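Both complexes below contain chain A, partnered by chain B and then by chain C.
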Partner chain A sequence: MKIVYVDDDEDLRDIVELALLSHGGFELQCSTDGASALALVEQWQPDAVLSDVHMAGMDGMALLAELQSNPATARIPLIFLTATTDRQKRAGMLALGARGIIDKPFDPRRLGEHLAEMVSGAS
Partner chain B sequence: MQNDQLSGLLCIQQSVLASSGVLQQTYDIIVENHAVMPQATGAAIELIEGNMLRYAAVRDSRPEVKSMQLPLVGSLSGRAILTGATLICNDSETDDRVDLEACRRVGLRSMIVTPIPYRGANIGVLKFYSSEPGVFGDFDELVTQLLVGIIAAGLSQISETEALAMKGKLLEAVQLKQEFVSMVSHELKSPIAALLGALPLAEDALASGETATGQRLLAIAMRNAERMKRLVDDLMDVHAIDEGHLSLDLKNVELSEIVSTVLADLEPTARSKQLRFAVTQPQEPIRLNTDPNRLSQAIVNIVANAIRFSPIGGIISINMELSANQAVIRIDDQGPGIPEEFRDKLFTRFSRVAGDHAPGTPQGTGLGLFISQNILHELSGGIQLDSQYKSGARFIIRLPTEQHQAGRGSERGG
Partner chain C sequence: MNFEQRPEEIRKRFRARASSEAMQFEGDWKHYLDGSPAAAAAIRERAHAIAGTAATLQFDAIAEAAKNLEDAIGQTADAERIRACIAVLMACLRAVSTSE
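Up next is the complex of A and B:
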């Protein structure tokens, strides 16, 4: 399963990478912000995008909107990995078309399983 | 004449209603209306300021009248304020309640003064005067009281506006506090997520003999525990700043020594990006009477930012000089500079520009510049961004030198 992970936190990128690799069955590429993720997603055509919300420059919500407006990326599901507990914001993410939300902090041993379920689950 | 006066009164009422509600406009409308008191050669609104009465509005072409001040005690206006009654003086030459000298100076023979009530006290008077004796009567007393009613209404409207503004400010403060708490929790969650992510993976890696991966993950955990510590330290400082008791321990120190220590501390981080510090300083040492730890903290934040935003292999210039009794420290980097739209927010809490999460450098807490600015302010100095500088970001710190500070201290004492 090909995943693009977008987060401006270098350490979290490392952790997600190690968590998914140790789970097995994932291929991962990372971006540090929404703008560079757009090009990567369009070119690499992953099975899903996992993204932080709170990022300087183009944030997760803007990235989601951009991906959806481009026919080449519109069908690729996006899952947010976020520390946001604000109910309204979370509802907004789903209403905008996010496939799901995984909370930060997350259990790295279960991240792969959780992600695979979300990607293959609801369509 | 009475009909004309009532017309004038109506005209004033309409003008005040149509005005924007600014009190000064109301004052001006009243004193400028001639019809309401046609026999008067001038009109004024005098308000208490300390133990004097100052003209808030006046209709009189003579400059000496416009700038006039009256004593509260010994003038008819003062007496009206103290007694709360409308007072008429028919001839200033024979009336011992008036300030005769002041009346002669402006050629005033008769007047009518009515106190302006506000919240149970009188805050000033409305005064009409004439160069002729005996021109004001009972009907004029009624007119002035009606006019004062218009002013009082304006005043109570202002206090309502003030109350609304106060409420708005309070709501804003509560909202800021809530935003702050939400931002702090968010900022803490990132290192916590890294810790809780890295530690179980480190455990697994070490258990399966992948020592290198385990160590890499432990380093991540360590880095993020430190990041949490930095954030908590910064939050304590922000709290101290908010409470107004940032502790200072003043000592006589040499600026270049402080800068050297700061740069030595940051050297490993700078080296990881192959950055070089270029330091210039005058031959004569710059001595300051300051808190060396707080000043170091303020400078560390600026240099750490410079490191964070510098391109690999860049130069960070630190220039110290004496200028007009001030120690000036200029810190330049070769990074992208501060985007114009961000400059207003630069010194506010949790303000961040894109690219703050540069690899290899410790992450900022978003509080650094806010803290630095407040520390420097406490140290009687300041910091600013040089917006003219185009080759990166340039921050300029200014601090009073030892001599300058000593001078100010004795001024304060005397």
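Up next is the complex of A and C:
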């Protein structure tokens, strides 16, 4: 399963990379912001995008809107990885078309399983 | 790929930069007191980012202090409450920066 992970936090990028590659069954490429992720997603055509919400420049919500507006990327599901607990914001993410939300903090040992379930629509 | 060693490496990296994170909060707080309109947003964004990272890396006290600061600055303009939250977070960050 090909995943693009977008986060401006180096520590979290490393933890997610460790979690998914240790789990097995994932290929991962990372971006540090929404703008660079757009080009990567269009070119690499991942099975899903996992993205932080709060990022400098193009944030996760803007990234989702851009992906959906591009026919080359519109079918690719986006899942948010966020510490946001605000119910309205979380509802807004799903209303905009996010496939799901994974909460920070997360258990790195369960991230791969959780993500695979969401991408396949089982969760 | 060693699941036992790599997270500890990442935790060490977090500890190594914790002191500079505390100094950044100190700078943001000065800008806030100076009336900079962007300061509150900067503090909130920084607190939000640290809360998520610290919680995932199991720096629970930092995560809680950062979340309290994020909530406080989103809910109130009470400078004393915000100052208190920043002071707690800075103390937590400095504590881990000097720990083994």
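Convention: the second predicted complex is superposed on the first by the 121 of 123 C-alpha atoms of A that agree within 3 Å, B and C clash if a C-alpha of one lies under 4 Å from a C-alpha of the other, contacts with A are read in each partner's own complex, and residues count from 1 in each chain.
The rule is short, and it goes like this: a contact is a pair of C-beta atoms (placed from the backbone, for glycine too) under 8 Å apart; a residue touches a chain by one contact, two chains touch by 3 or more.
This is a predicted model, so every value here is computed, not measured.
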_Following the superposition defined at the top, how do chain B and chain C come out on chain A, clash or fit?_
clash
*Would you mind checking which one, chain B or chain C, touches more residues on chain A?*
B
*Check whether A:D11 is in contact with chain B, with chain C, with both or with neither, and answer first, second, both or neither.*
both
*Go through the superposed model and pick first if A:H23 touches only chain B, second if only chain C, both, or neither.*
neither
_Touched partner set for A:R90, first chain B, second chain C, both or neither_ = neither
*Name the contact category of A:H54: first (chain B only), second (chain C only), both, or neither.*
both
*Partner chain in contact with A:H114 - chain B first, chain C second, else both or neither*: neither
*Figure out whether A:T32 sits in contact with chain B (first) or chain C (second), or with both, or with neither.*
first
*Based on the superposed arrangement, let me know which partner A:F106 touches: chain B (first), chain C (second), both, or neither?*
both
*Name the residues of chain A shared by its contacts with chain B and its contacts with chain C.*
8-12, 14-15, 18, 22, 54, 83-84, 104-106, 108-109
*For the chain A and chain B complex, residues of the former touching the latter*: 8-12, 14-16, 18-19, 22, 32-33, 54, 56-57, 83-86, 104-109
*Note which residues of chain B are touching chain A in the complex, please.*
182, 185-186, 189-190, 192-198, 200-201, 204-205, 213, 216-217, 220, 223-224, 352-357, 359-360, 363
_If we count contacts the way the header does, which residues on chain A are in touch with chain C in the complex?_
8-12, 14-15, 18, 21-22, 52, 54, 82-84, 104-106, 108-109
*asked:* If we count contacts the way the header does, which residues on chain C are in touch with chain A in the complex?
replied: 1, 3, 6-7, 10, 13-14, 45, 48-49, 51-53, 55-58, 63, 67
